[in-house]
Structure formats: structure tokens, C-alpha cells
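Please find the structures below.
Here chain A shows up in two complexes: once beside chain B, once beside chain C.
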Partner chain A sequence: QKVTVEVLDHLEHLALVDFRDAEGVERLQKAIQFADQLRDVNTDGVEPMDSVLEDRCLYLRDDDVTEGNCTNELLKNAREKVEEYFVAPPGNIPLPKLEERETILQSS
Partner chain B sequence: AALKRRVRFQVSAALKEGHVTPTELCQRCLSLIKSTKFLNAYITVAEETALKQAEESEKRYRRGHPLGVLDGIPIAVKDNFNTAGIETTCASNMLKGYISPYNATAVQKLLDQGAVLLGKTNLDEFAMGSGSTDGVFGPVRNPWSYSRQYKEKFVPKSHSQDEKSNWVITGGSSGGSAAAVSSFTCFAALGSDTGGSTRNPAAHCGVVGLKPTYGLISRHGLIPLVNSMDVPGILTRCVDDAAVVLGSLAGHDPKDSTTIQDDFKPFELPNVADVSKLSIGIPKVTFKSCQQLWTGTAADLFKNAGAKVIEVSLPHTCYSIVCYHVLCTAEVASNMARFDGLEYGHRSDMNKSTESMYAATRREGFNDVVRGRILSGNYFLLKQNYENYFIKAQKVRRLIANDFVKVFRSGVDILLTPTTLCDAVPYMEFIKEDNRTRSAQDDILTQAANMAGLPAINVPTALSERGLPIGLQFIGRSFQEKQLLTVAKWFEKQVKFPMIQLEEVKRHDHDAFQHQKSASFS
Partner chain C sequence: VLNRRCVEAAVMTGLALNCSINKKSLFDRKHYFYADLPAGYQITQQRVPIAVNGSLSYSLCIDNKMSQMVTKTVRIKQIQLEQDSGKSLHDDTRSQTLVDLNRAGVGLMEVVMEPDMCCGEEAAAAVRELQLILQTLGSSQAVMAEGQLRVDANVSVHHPGEPYGVRTEVKNINSIRFLAKAVDYEIQRQIEELESGGTILNETRAFDSKLGCTVPMRDKEGKQDYRFMPEPNLPPLILYDAKSLPANMNHQQVVNIDLIHERLPDLPSVKRAKLVERYGILPEHSFTLLNEDGLTEFFENVVKQTQMKPKKVIGWILNDLLSYLKQHSLTVKESPVSSFLLADLLNLLEKKEISSTAAKQVLAELWKGEGKTPLEIVKEKKLELIQDQKELEQICQAVIDGQENEVIMMVLG
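Take a look at the complex of A and B:
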């Protein structure tokens, strides 16, 4: 079954990455088809595995500050900054809706 | 014979005895990098810093206090490891111009041992791919394309084809590192391995490629692809060298909570090994591999030495590619979310809103492959799909890992498989299929080891009918690198893989060594 335009639009919002062209959409369709092969495997009673190290304890370290004070270093790689802040465009504006966005999905 | 062709171990001896100085060695490697530029193995060559490091090393040798066996040894690092003060791009527009503020732990450890960092090597963008063809700096060329061995066997399919346009790929995604080691421009290189990215190019370039057990070497500073499978990989020209580099890298890192806390004891490999007490398992495969013949030959070698060789079954390994496809894209979707243009990397001029800036930045910064995986990953992670795809894949992962546990528990010590299905294909042929198809085909023999977190190594075995390298893969038990490498070294000695005959290197050595006394190192 084909992925609906609503889902594609939703994915573009979540990923903040666009499909770019029909090939991008086709790529997703193929990826889903490929992944569907998992259905053939019987996993009854099998627990999901997060990590191969699951039998070991995750450990904590002491809550001591051992490094830091590298503000200048970290700011060096940012394009837009003011004093010690990274500068972002206004944040409370949602991504334009499908109809208003430049996206291949409009033609679907 | 040429100094550079010697394995690192022997070069260390040469450095210690003063037959060659670190700066001479460094200069020769830098010069060779320049004359092999057409391979496109390096993205950044850190000439100034390398020479400085070499000078420091030289001072230490003069004082008689080298830091260790790696002091003064030129190395290269895949461009997805952070290197302080040196651009780290991951072969992507997203990180062009990004100068790392710190060294990845693996890099720091090598530098602490006095290794000389020559530069950053080329890869597939963000390590996604199996050809080292999909990065923004262009594809890497396999040095064997220019070898006498390949040229001798080359039969053009049409009169318009010539050797020059028929160069073959390195495999990937650590192709730059593999090519760098293979063409003698460095003695060891760091790669990364998530689905076979160190072993695959090692096989195609005729070098040793080690994927350590997950949790043995710190991933701190290695730009992540799949956090639960990534490991730093080691590429060298012989198994002994890999053991030495492993010795410098392995061990707990407080900055990487996925490194185990057990003490790691660096080891030296025995020159003579008794394989008669070993049980070698060869997994049943359902697909055809050009390397099948060599697995058989290898099996005979072991049998003749008294080892037990049996066929084993890993019934769920055939699903590892599909499983990987889902888990990888899901983790990628998460890991790539950090690239938004705000703190580092490329930033779009679009500034209407945060979201539109992020979207435009990511549109401009990522290539098709990366974007495709992010979108697929997000699809599998949607609420309506989470159980059927992501959780399902995690369950299949356990089945795959359990297959290995069962086999090792039944008394098998080491598994033996080909590393790749066939020898390196010409670039023009490789690009006819898309990245996902290629990765699915090329990772088929290597991916399962990442799924289960097991150590695995490619050992160059023989040349194919086309005069190109073929490698065999050994897979060992978790954290049993010593046994794995002991077997690999034994095998390496049996097969005596031929040295690459490269004109560039020959010419180079001749000029450099005209006035050099020839010393014999054995």
C-alpha cells in the first residue's frame, strides 16, 4: 500500500528534511517494502535488544566538574552569534503548511 | 627493499636505531600522498602539524626516550573522527569548514603514543555507503586499479574502454583509509565500522581491517551513525600492526559510557601458533560468492594443520540486512537531528523561522543518501509503525545475536567467511545501482558481526582472476581479540598475500633511497 500524502507531509515536518522529488518518495516506498521482509521472521516470545552490552551494568561517574570553560572554542564554529549566545531565527513560527510550502508533495 | 613497504613494526625498529628519522619518514609519506593524489584518499592533509609532530618525535628518539612503538609512525584518520584544529567534514556539505575543538579519544590515544597524524581520509557521506563514492569530495580510487597485477589482467570490454577510466572502487565507507594504507602513504589508519565499513574496503584494497568488539574502543568523538553498532576500525598492512594499534586504543573511556570497564591488557601475537586445537566454523550460505572457492582453500589449510572445520548454521543472519536497514535508519534519524546549523556546520541564509532555517540548512547540507535514511528512519519510528518495524527489528537483532551465542557455545572458536561477495567492481559499474541496493549486497557477509557486537577481521588472502585483492573474514567471540588475531596472523603467514606493485611507489622509493644504505630488516 502506498504512503499517503498526509504521512509524507508529516515526515517532512518531523525530519525537517524534504523528499525533494518523486525519486525521494519512491525511495521511501522501496525502503518500506524492503523492511516489510521482517514480517517473515517469527519473533514470538523474543525480547527486543537495545544493546549487545545489556548484561552489563551502566555505570555512573562522580558528579564532579572536570572540564568546561570552553565557551570561546565552542562559539568558534557557529555562524551567527552574539556575545555568548547562539542566535536563532524566531522559534514560534511553524513550518508552512503543505499548500504554502515549496514541496514536491503538492503535485501528488 | 623500500622502507615504506615494511610493516610498522619494522619501521619502529628502524626509527629506534636511527636508520631513518621521524621527519624523513613523515616527509616521504607527505610526498607520496602528493604523487598519489589521483586516488582521492585524503580530504585534508595536515602537513604543518604532521611535520611538527614528527619533529617532536625526533627529539624524543634523540634523547633515547620514544613514547612507544607508535612514536613517529605516520597514520591517517577517517574524516568522521573529530581532530582538534583540523577540519572534520564527514565528506558532507553539512560540516564543510567545521574545525573540531577536540580530539576523538581514539585519535588522542594515538597522538599520546607519538603517532604522526598525516591527514583525514575520504569516505561516503556520513559513513553511509559501501563504495566510498558518495561523499562531496568525490569517490576514492582503489590503488590496485593502478597496480601491475590489475593492469596485466585487464581485458577491455570495448575499444573505448581503457585502464584509466576503468578504475575500481575501494569499497566503503572507510575507503580513503584503506586506500591510504594500501598505497603506503601511512602505516595505519582509523576507520569506522557499522555494517562492514572497515572490513569491506580492507578486503577490496588488500589490507588488514579489524572491527573490534563493541565496547572495547571508545566512540567518543566518532561522529555517530548507529550508536548501538558503531565501532572505530583499524586498518594496517599486517595483523601484527593491527594488534599494536589495538593495544593503544582499547580500554575504558569515562567519556564513552558504552565502553566496558574491564581491564584491557595489550598483547603481542605469537610468531608460531598451534591451530590444531581450534574449531573453525563456516556458516552455511544461501547466496553465491566469488570467494567461495577461497573459503574452501582456507578450510583445507586449517584442516591440514589439525584444526577441526565444521559447517555451522546461523539461521537468522539472512535477515541481518533488513534488520540493519530499519535499526540504522532509525538511529540515523535521531543522530542527524543535531545538524541544524545553529552551533556548528553549514547554516542556511533562510531566517524566517527556526524550523524553516533548520529545514533549509538540512536541505542544503545533506545528500540524497543521508536524506533518504533520515526520512525512512522517521517513518519506522512513527507511532503507528514503531512496534511493527523498530521493535520488531530489535527482536530480530536478538535472534541474530543468539545464533552466534549458540554456535560459540557449541565449541566453535572462530567463524570463517568471505568478507565480500566479489572483488572490487569498476566505478562505472558500481554507480549503476543505488546506494541502498549496493549496501544491502555488499554488507551481507559483514553486517551480522555488528548486529551481535562481535570482533571480526579481514585478512587479505589472494588475488582474483582480475588481479584484485580477495579477503577472508574471521569472526571471534566477544572481547577475544587475542585469539582472533592469533588465528588471523597464522592464516596471514600461510597465504602470503602478494605486495601491490605500484609504479608511483617504486619511482618514489628509487628517488628517496638512491643514497640510502640498504639495511636488512627481517
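Take a look at the complex of A and C:
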């Protein structure tokens, strides 16, 4: 089953990936096929595993403050700052709609 | 890495809200883009949270009369642990958003309620009770103005008997009072919209406290696809009880639900019942006592220091002291009249050295906070009740003499 343009467009919006060219889309298609092999396994009566760490203990940290006071170091990364705030645009800059952007998906 | 205190707080709160605690709970990633979420995802518990299926009981006054209170219940769907994002400050004039990442990654507890409330008043009362519970447990200081307790209200309307309508989520509510206003406004807005033939969008709206209305929020239109997936870095969270306690594990790593249960302090509802039983006051009195920070303690201190019966003391606390405090917008801690002074005054009244009217006058003087004792004020203003029988007779006689005509009329008729 082929991945539809709508799904690809949706993915580009959600993850801000750019499938770039037909090869990129094909790679995604192959990855889905590879993962689909999981469906061939009979899992009747088997509890799903959602983490390979499932028999490990989740480490609980004590409520102790061990680091901090590194404002200057953290703000060094900021392109723009105001007092001690990072500056960002007023809202998310949305990915333009399919018709309005340059993407391989247009010609599909 | 998960902070142990967060887990304990969540278990305490879950137990206080009658939830089932999940001995095994899981963490997930919720993906979305926003300037205050640098990682691009938030760690939360979407599939299996730490606590589920609880309830919260709260009281409501009917028709604003304190004497008629009803108890209502709202079901708690679940409590989940999650990460906080940073804080965004919107600077519309310069068309930018300022981001403060100090709180990003800090543990949060999200309490999800079922839609069992039907108006702003109910929502406000439920949240107020939750606030008191959280403060009693020590899970949170729950001050809304400081963002320690945040409330997002989901509102929908429907005709009785029909399925629930489309809901909107209202954010940016900064106080319990505003919660009631925001909910009531949104209910009204939705009704008007539907009655004029419109439809309700499943959107997120912000409450504007200055205008008292809700407005659509930018960037949160339409249903979001968060692409939930298990958090790969966090194994399941396992909690234990007395039965399942592992023998060889490091104590610091073990959270014992039964132990936490044993150590739960008295919840507000229990405290109120105890006050009613111990002091013979009415339920609505205990409600007010718990509702004002420090008032219960003040009341109990006065009771300890006076011979006056608690049932009488409560009147002075709720009618006189509290109204003074409210008039001057003071907290109990800021009261110029201490429990010691009030007890002193009430003792004078109890020993019949002054009248009730005089006591109120003395209280007004005490309120000025000039450092005088009740006895000093009484002497200053000559408010002592005259105990001398003869003196009383003389005064009465003088009054009668002065009102001779009235007296004759009375005797005759």
C-alpha cells in the first residue's frame, strides 16, 4: 500500500521533515514495509512490550538541587535576547500549504 | 530522570482523591512545536498514568446562603506525571514572544476531571477544595496567581438527554474567581452561538480577564496530532505496597503506597468534621474557618485562652473579626488584633464586666492597633458595666423622673 500525498504532507507539517526527492519518499515507503513485518507475528496472549528497559527499575532521584546558576552560559546560545529571556517569533511560523511550497509532493 | 518527591506527591494526591494507584505506570512523548518547548516533545503519561478513577467532594452554598450547603462530587479520571514547558510572555507591541526556560522540565501533576460540573460556581468550588487538599498534603502550595496551580477549563453545552456537545478548552485562567467567570462566559457564548444557528469549533480559547471574555488562541486551532510514543529513556515506574515490598532493594528507590497512605494528614473534609464535633459549631462555620488561611488556628487559639464557649466565640470570629479583615483586605496573619487580645476582650464580656455593645466598641478601638489592652480601652472610655445595685437604681430613677409623662402614660395604659 502506497503512502498517500495527504499523509506525506501531514508528516511534513508535523515533523518539519522534507522528503526532498522521490528517493526520500521511497525510503519511507521501504521503512514502513520493513516495520509491517511485525504484523506477521502471532501475538495472541502476549503482553505488548513498549520498552526494552521493561525489566529495569526507573531510577528515582532525590529532591536535591545539584546544579544551576548557569544563566550566562545558557544565554550564550541565544541569537536574540531581552534581559534574561530568549526571544522568539510571536507564534509558530507555519509550514506553507502544499500548493504554496516547493516540495516533491506537488508533482506526485 | 524522575524526581522521587514528584512520585510521592502524586501518590499522596491520588490517595487523597480516592484513586486507584497504578503500581506500574508508563511514560510517553507528546510531540508538538512551540518556542517554550525546546526539545519539541513533552514527557507525559498518556497511556497508563500513575492514578485513575477517583473522586473529589466539595460543598456549595445554595442561593448564596451560607446556611444551605449541598455536597457535590466530581469524578477524577486520572492523575498523570509530566514535564513542564517553559513560560511564554507575549509581547504583541514588538511582535515577539519572550521565553523563560527556568521551569522547563520541572515535574507537574495533571489532574483530569470528568465533566460532572455544570456552571462556573461548581467549577470554582471544586477547584477551591482541590486547592485546600493540595495545600494540606503539601503536594503544592497551589497559588494560582503564581502558576503553582493552573486550570484549563473544558466547556461544552447540550440539551438534556442529548449527547455532549463539541467542547472548547479555555486557558489563561489565573484565579478561582476568573475560573467561574470564564466558564460562565463560555457557556453563554456557546449557547448564543448555537441558538443563532452557528457551530462550536473544537478549539482552544484564552480567557481575557480585562474584558471578561474568551478569545480564540493562536496556533492551537484544529485537532493536534501529537504522535504519542513510549518514552525510550524511562523504564516503567513501579510502586510497591506492604505486600509487594522487595526484600533487597535500596530504600531510596522504593515508594511504598501503604506507607504513604498511613502518613496522609487529615483532609479538609475531615478537619471540618472534627471542628464541628469538638467545638459544637455549624458545618458552614467550619467551612469558612478552613477557607481563610490561618483562621482555624486563630479561632482555636482564642478558644484556648477564654472561658467563653466556642459556639459564642465563633460568632465574634466570623462576624466581627473576619468582616474587619475583609473590609481592609487583610489576611489573618496581618490582623492588628491578635488571638490573645480578642480572648482578653471576650473574657471581659464573659465575666459580665462589659456589655456586648461595649465589646464591639472596644474591638473597633483594638483594630486601630495602638497597643492598648482591652481593659485599658474599657477604662478609658468608661465602658464598664455598673455592678453596683444602688447606683443602677439611682440612674433608673433619674431616667424615670425625667420621663415622668411617658411613665404615667405607660402605667395607665
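Throughout what follows, the second predicted complex is superposed on the first by the 96 of 108 C-alpha atoms of A that agree within 3 Å, B and C clash if a C-alpha of one lies under 4 Å from a C-alpha of the other, contacts with A are read in each partner's own complex, and residues count from 1 in each chain.
As a working rule, contacts are C-beta pairs under 8 Å (C-beta built on N, C-alpha and C of every residue); 3 or more make two chains touch, one makes a residue touch a chain.
Being a predicted model, the structure only gives us computed values, none of them experimental.
Q: In the superposed arrangement, does A:Tyr59 touch chain B (first), chain C (second), both or neither?
A: both
Q: When the two structures are overlaid on chain A, which partner does A:Ser51 contact: first (chain B), second (chain C), both, or neither?
A: A:Ser51 contacts both chain B and chain C.
Q: Identify the partner contact of A:Asn69: answer first if only chain B is touched, second if only chain C is, both if each is, neither if none is.
A: Neither chain B nor chain C is touched by A:Asn69.
Q: Between chain B (first) and chain C (second), which, if any, makes contact with A:Pro90: first, second, both or neither?
A: both
Q: Is A:Gln33 touching the first partner chain B, the second partner chain C, both, or neither of them?
A: Touch status of A:Gln33: no partner.
Q: Tell me which touches more residues of chain A here: chain C or chain B.
A: Chain A has more residues touched by B than by the other partner.
Q: Kindly classify A:Leu16 by the partners it touches after superposition: chain B alone (first), chain C alone (second), both, or neither?
A: Both partners.
Q: In the superposed arrangement, does A:Val41 touch chain B (first), chain C (second), both or neither?
A: The answer is first: A:Val41 touches chain B but not chain C.
Q: Would you please give the residues of chain A that touch chain B in one complex and also touch chain C in the other complex?
A: Correct list for chain A: 10, 14-16, 50-51, 53, 56, 58-59, 61, 74, 86, 88-91.
Q: Quick one: which bits of chain A touch chain B in the complex? Just the residue numbers, please.
A: 3, 7, 10-12, 14-20, 23-24, 27-28, 30-32, 34-35, 37-41, 43, 46-53, 56, 58-59, 61, 70, 73-74, 76-80, 86, 88-91, 93-96
Q: Taking the complex as given, what residues does chain C use to touch chain A?
A: Residues 1-5, 7, 26, 31, 33-35, 88-92, 95-101, 218-219, 225, 227, 230, 232, 234-238, 252-253, 255 of chain C touch chain A in their complex.
Q: Okay, in this complex, where on chain B does chain A touch?
A: 98-99, 101, 214-215, 228, 254, 257-258, 260-261, 316, 319, 322-323, 325-326, 329, 333, 340-345, 347, 350-359, 362-363, 366, 368, 371-372, 374-376, 378-380, 382, 388-389, 391-399, 401, 434, 436, 440, 452-453, 478
Q: For the complex, which residues does chain A have touching chain C?
A: Result: residues 10, 14-16, 50-51, 53-63, 74, 82, 84-92 of chain A touch chain C.
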